[in-house]
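Sharing a structure with you now.
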Amino acid sequence: MIRKLRRLPKIITKVYEDEFYHQPGTVPGTIFIDADAPPPIIFLIDYNQTNFIHEQIATPEECVPYLEMESVSWVDVQGLGCQDILQRLGNVFELHPLVLEDIVNVPERPKTEDYEDQLLFIARMVVPKERTCGFYSEQVSLILGKNYLLTVQEEPEHDCFEEVRSRIEKNKGTIRKQGADYLAYALLDAIIDGFFPVLELYGERIEELEEEVIVKPTPQTLQNIYQIRRELLQLRRAIWPQRDAINSLIRDAPDLISEEVRIYLRDCYDHTVQVMDMVETYRELASGLMDVYLSAVSNKMNEIMKVLTVVSTIFIPLTFVAGIYGMNFNTEKSPYNMPELNWYWGYPLCWAVMLAIAFGLLFFFWRRGWLQNSVVIKRN
Amino acid sequence: MIRKLRRLPKIITKVYEDEFYHQPGTVPGTIFIDADAPPPIIFLIDYNQTNFIHEQIATPEECVPYLEMESVSWVDVQGLGCQDILQRLGNVFELHPLVLEDIVNVPERPKTEDYEDQLLFIARMVVPKERTCGFYSEQVSLILGKNYLLTVQEEPEHDCFEEVRSRIEKNKGTIRKQGADYLAYALLDAIIDGFFPVLELYGERIEELEEEVIVKPTPQTLQNIYQIRRELLQLRRAIWPQRDAINSLIRDAPDLISEEVRIYLRDCYDHTVQVMDMVETYRELASGLMDVYLSAVSNKMNEIMKVLTVVSTIFIPLTFVAGIYGMNFNTEKSPYNMPELNWYWGYPLCWAVMLAIAFGLLFFFWRRGWLQNSVVIKRN
Amino acid sequence: MIRKLRRLPKIITKVYEDEFYHQPGTVPGTIFIDADAPPPIIFLIDYNQTNFIHEQIATPEECVPYLEMESVSWVDVQGLGCQDILQRLGNVFELHPLVLEDIVNVPERPKTEDYEDQLLFIARMVVPKERTCGFYSEQVSLILGKNYLLTVQEEPEHDCFEEVRSRIEKNKGTIRKQGADYLAYALLDAIIDGFFPVLELYGERIEELEEEVIVKPTPQTLQNIYQIRRELLQLRRAIWPQRDAINSLIRDAPDLISEEVRIYLRDCYDHTVQVMDMVETYRELASGLMDVYLSAVSNKMNEIMKVLTVVSTIFIPLTFVAGIYGMNFNTEKSPYNMPELNWYWGYPLCWAVMLAIAFGLLFFFWRRGWLQNSVVIKRN
Amino acid sequence: MIRKLRRLPKIITKVYEDEFYHQPGTVPGTIFIDADAPPPIIFLIDYNQTNFIHEQIATPEECVPYLEMESVSWVDVQGLGCQDILQRLGNVFELHPLVLEDIVNVPERPKTEDYEDQLLFIARMVVPKERTCGFYSEQVSLILGKNYLLTVQEEPEHDCFEEVRSRIEKNKGTIRKQGADYLAYALLDAIIDGFFPVLELYGERIEELEEEVIVKPTPQTLQNIYQIRRELLQLRRAIWPQRDAINSLIRDAPDLISEEVRIYLRDCYDHTVQVMDMVETYRELASGLMDVYLSAVSNKMNEIMKVLTVVSTIFIPLTFVAGIYGMNFNTEKSPYNMPELNWYWGYPLCWAVMLAIAFGLLFFFWRRGWLQNSVVIKRN
Amino acid sequence: MIRKLRRLPKIITKVYEDEFYHQPGTVPGTIFIDADAPPPIIFLIDYNQTNFIHEQIATPEECVPYLEMESVSWVDVQGLGCQDILQRLGNVFELHPLVLEDIVNVPERPKTEDYEDQLLFIARMVVPKERTCGFYSEQVSLILGKNYLLTVQEEPEHDCFEEVRSRIEKNKGTIRKQGADYLAYALLDAIIDGFFPVLELYGERIEELEEEVIVKPTPQTLQNIYQIRRELLQLRRAIWPQRDAINSLIRDAPDLISEEVRIYLRDCYDHTVQVMDMVETYRELASGLMDVYLSAVSNKMNEIMKVLTVVSTIFIPLTFVAGIYGMNFNTEKSPYNMPELNWYWGYPLCWAVMLAIAFGLLFFFWRRGWLQNSVVIKRN
């Protein structure tokens, strides 16, 4: 029912990284392959307390024997670029057509859905970019079954599951003793914890901008604030529905999740709320920064106006005085015609008057506090 | 109870495309025909797994034999311009007077209403305009009965059901195997998916405005931002009640909708929430743009003030100096009266003083950072 | 418990048309007569399917025989200016003292209250003013009994029940076949529908202001926006509690209201929500207008600054040049003292320099885009 | 657990009139006496349908015999300045330690608490100041028992119970026939109604500020708006929890309150909601005023800029022209050196040029609408 | 699952004092020791009605015998700097791994969690800084068992439990007669009451800023307002979840808390709400201050513009007049060439004209109210 017609234009792409538009009215359950999507790579991890297998497999069918065993099988598909493989994947795991659509036609809003013997969890994973401030964002779909977990990622790069894989391999903690539900929890927890490093970057950038806004506000600063607000909006959009989804996991208590894992999920829920808190706090700080920027620009204008006013109001009267004695009234025609020009102390007196005016005005400005240099600001 | 007296004036018309005002106190259930409304055209699509009929019919009564058959009948009325036909339509489908009123006296707020053996769903459909940014918006009323679906559109142009019609005709997907409730779902889904292309246009326009606001803010930009905010307000007003209506379809579980279709409706509900999310995000971006615009205008004013201040404060003191030596004090009357005029190096010295003043001030401005050209902004 | 001491001062009067202040601690159920209130006029309409009586009666007691008949009696009291009549009205209809207080000591907040065999509904009715934008607002109290309806209006002018009266008289629709509960519904519906013409006026006025704000913002515009916001605040205050009141009518299902009328009330509720929607939308538009106004004022300031800057920065350097050659250095004392004055081409050269400066600056301003006339704005 | 260490500094004192800070960790139920608190005065009113006693008593123990009688006893304590008396009061009425703490360690948030055979209601009473806009605010605690009511006020001045006392004394209304619960209602009602005169004062002041903001905005205006917003914030803080407290009185239905009084409390609740409505409305008006103020200041700046621009841009070019003909080029050295100076019509021509420039610019400004006096604003 | 990688940068550190980022995917229940964390100091207080022991113990195991006795044991751990001790602490008290993680990997969001025979309460304690405005904030975890209470603080300095310790030691109030649940309440109450002195400091600082903003707004003022808003945001983040946590303590009624203590907790809840109220009020005041600041800056700009405009528009025309009579038109060539220069009263007349212009303009400005000194503001 959704056809990937074309990607949104470039800037918006950054905000809604992979928002497509939907050709209204298409058959529900139809899956559409984006031409740019990378071809899927399939990894299989199968383990129990004693054994551990980790291999890349070529076709979805290869994991059937593992699914039939008692051990926990984690099938991790990375990339959405091949309709045939995805369709066969759907057959192997007996996915409902709508589930397959939700997995493939990204982006879907994070949510939990319960299909009798399967549980679908759509999550959004963020990974910080190395150099610049910013993050990659991709959808991860988790399908939890009796003793298997299928995860589907949009792209092979940037995932935050490496630590979990090593815990399984090195048999760290209790993960090898637990079932597929615990594995699902461990991955979810890794996804949520993955928001913290991204948020830290924003904390640093907001700090830099605080400095910049007060000390040297430029139009570029304005743009950076706007950019940060836009990206925090995107983070907020990613984390809010995730909270609801995890909450419904805990409350609605599907059979596939054991009581013990539910306690762990409660912890994961707490972290989600903490992420939300931080996002909201940063959003408030960023929008406070906008106010400060506006005020800083006004202050700068005040500075400029003060310089103009001081210089103009001092020299304009002086120029007037000079203008007076530049007039050509004929002093010979009348004793009232500019007798000053012929006085012995005329010129020094004229200077005296002008200096008096200048210093009078300077005193007036000093009283008003316009001569202090208000640019120096100490940070406490 | 509602009489279409006259349309709202031209600009508002764009926002509330067809908001009428109601003569208070008229009989409930009375229907009013807008003089400008196009005359109704009636299409009948009747199908089951094997047969398919698609024809335009002249009178509502012609569809009676189809309604009595087991096959699914979809009667699609396009246009509200004839009281007689609409009244007869009401008789053929045994509509409650209030239902008929809701259908005809547009605009009604989207809602679900359950009338024993009929289900009324009022929806709002948007279709993007080809050239400009903007959209047509019209009301679609769906009346779902045992094995028929009556849809009433305001106008014959711009609907987003073409894909569904072709799915029925070409027997694509499972639509021919399902009942009238599935058809209702398919149309609702097409209506909701129809919001995405419209939203994409706004995404593009907001992007353009972001560029414009930073690089070259004009009063026209301001107007465009206001215009976008107004149109997003309208979109929001269209999608919010739709969510509640779909939700009440799923929760209140009327008999006419099968369990299977309800799963599909859940998917449709998810898309509605996604549309709402996007509308809210765009609204936040647009209102952030307003802040940026105000700041950009302030920055521009700063630029102008800087130029004025630099030029004025340099030349006003120089003009004063020139004014001084333009005075006509009689040098012969006293050795103190402007002896400089008679010095050998008087004129070059005067220039030296003026250049010193000019460069001193330029240095002062350069230190303050007022000479840099702050217009060049790089987008990252 | 509420004593009408004195009316609020004039401007506020417009917002809270008849807000009084209450002498704290007075006996509950006491009624206070405002000196300016018009004396009550009582109309009686009594009807059943066959008969119809419409007459003005002098005393409340005259309607007693009608109340005892099976037919529906509508007693419409207009005006609150006579304590004696109101008290006797209370006796005739056996009103609870608090009900009488709510009716008389206007304004009361819209609400529904259920008193065993009576139902009190306090509503607020708005009627548009003819010439100017604005509206009259008065309280209407409906007391619904077994087969009678008592309505009490604040003033005899401006009601929106005329259409309902004519429907009863001319036996239009089903109103003569229904009971007093249907009559109550019909009046409520007329009250709610009465908000639409008022809102249309605000739609028009906001449209005019949109035009004005962009094209020619004056301080008067600012005041008009503030005025509209204030009046929309009043409308909002009138319609919000009305929605709750109607909702509690539908949900709490008092015995006096039949199942059929409840369906009609649902329709009335939908219209109330629609009114609220429109009020909120207009409020958002009006508050957006304030932003646009501020920006427009900033733009105008920019225009003014540009003109000042262009003229000043062109002529100030030129004046300086002219000032230079107005100096009186004695050319005879030294060959370096302003030899230009004696050059053959001195004056034309001086003009050439000045023109070069002027055109150079003009070119600079043209490059910055300050010479374009940015006032011309095309509306799309 | 709360120790009155010292009062907040002076301005804040006005906002949180008697907010103290709490030494964390002290024993719960400990009461602290503020050194400035007035010593308690105790009044006893005891009445039934036939008898009435109103006297000031010296010690709490004196009211014991009255409490044992069937008649209603109202003990009204005014002032919190003596630990001994308050402690003995607690003993006489068998108050829970936390109740005594809530009564004495003001301010407590308004609330209802149900202690088996006693009901605690903490209320906040406001009384308008006579001269200035503003109000006194103090806590009133009501403890309702079987046939007694204990009220504790912070100070002996400013209460709004006078009317209730006179109703009891003069046997007005039904108060003498009712129990202690009705008395509690009557006092609560007086407290709530006491907000209306205060709100009226704010209505008047907002009206004055509306006038001032448009006609003559000064920095003082700004301060007044801020002041009003702060005081409305305080009123809001006083009335919001009161609503919840009354609501919980009605809903949770403690045994001590009869069914009949509950109907009266519903009325009281309606007034509370009305007060909240008015406070919110005034807050919106006051925050709208801030916007208007900012715009008015911008408009004034525009006016100033216009005057500066008109005068500067007219006279600067003229001064340039005058400067030209003040140059001293030697007309004898060349026919091109300022021949104008020797023309017969030179001077009049020069004036003509200057007048042409001046009128040309005036026309340009007139076309731009800068010459109109935009200060005159008519209020409609 | 959370690894303390590194602290956030310096400014943010002030806001989220000890927010770390989490290496996604680590084993749940793992605890991480911050290198800077102080080593834990353990205090044991054991008491019943007759006995009292208060000693510092070296290892967690030393408190085992006390835990087995009937008396109430309060183990207070201060500092999180040693993994071994914390792990052994977990063993002694049989803590769930997630509980230990919540305690050690600070900061955790305040919350209540019920683990069968233990109750975890995470709280956030604030302590005002002595000199400057600001506060220390640290996490306190309370684990309540049958007859013991374990508290874990982040650091040994700054706690607000001193008063409680002295109440136990001196047997003040009923604390020695009550169980561990009452002790937990007493500490919680001390934590909540600890917010009041911090809030008082902010009240004072806001008051100072109010003064400053009106009288002498500088860029530093702006920064201070922003700083206060940021710190109030942090306080809000600390108190909001605490309210929910206390509420869930009261409502969900775990077995470990007696009915009597629940009444005391209700009182504690009231104080929490009061703190929230004050925080919200201060936040509104601080954000109102930002508006006032912007207006004050605009007013100052107006002042500067007025001075510039008054001086410029008076002297520019005068300078023009002086410029006129500085022109060198040859009076001998024509009677029309500046005959004024040769008039007998020429120069005085010229002055008369200039004075007339100056006073005319001054009158014009006086009428506009530009000559009043608007800086003097009286505080009421």
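As written, the chains take the letters A, B, C, D and E, and residue 1 is the first residue of each chain.
In this text, a residue touches a chain if its C-beta (ideal position, glycine included) is under 8 Å from a C-beta of that chain, and two chains touch if they have at least 3 such contacts.
Since the structure is predicted, the reported quantities are computational estimates derived from the model, not experimental observations.
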Handout entry: Neighbouring chains shared between chain B and chain E, ordered by label
Key = A
Practice task
Would you kindly state whether over half or under half of the residue numbers at the chain D/chain E interface are used by both copies, giving same or different?
Solution key: different
Practice task
Just give me the whole-number Å value for how far the CA centre of chain B lies from that of chain D.
Solution key: 41
Exercise for the section: Go ahead and note the Å separation of the Cα centroids belonging to chain A and chain B. Expected result: 25
Practice task
Pull out every residue in chain D that's touching 2 or more other chains.
Solution key: 294, 298, 301, 305, 308, 312, 316, 319, 323, 326-328, 338, 375
Problem - Pairwise touch network: line, ring, star, complete, or other - result: ring
Fill in the blank from the handout: Residue positions on chain A within touch of chain E in the complex are 160-164, 167, 172-173, 175, 186, 189-194, 196-197, 199-200, 203-204, 206-207, 210, 214, 263-264, 266-267, 270-271, 273-274, 277-278, 281, 284-285, 288, 291-292, 294-296, 298-299, 301-302, 305-306, 308-309, 312-313, 316-317, 319-320, 323-324, 326-330, 333-334, 336-338, 368-370, 374-375, 377-380
Problem - chain A to chain B touching residues, read off their complex - result: 1-2, 8-12, 15-16, 19-30, 98, 101-102, 108-109, 111, 113, 132, 216, 218-220, 222-223, 226-227, 229-230, 233, 237, 290, 293-294, 297-298, 300-301, 303-305, 307-308, 311-312, 315-316, 318-319, 322-323, 325-328, 331, 338, 340-348, 350
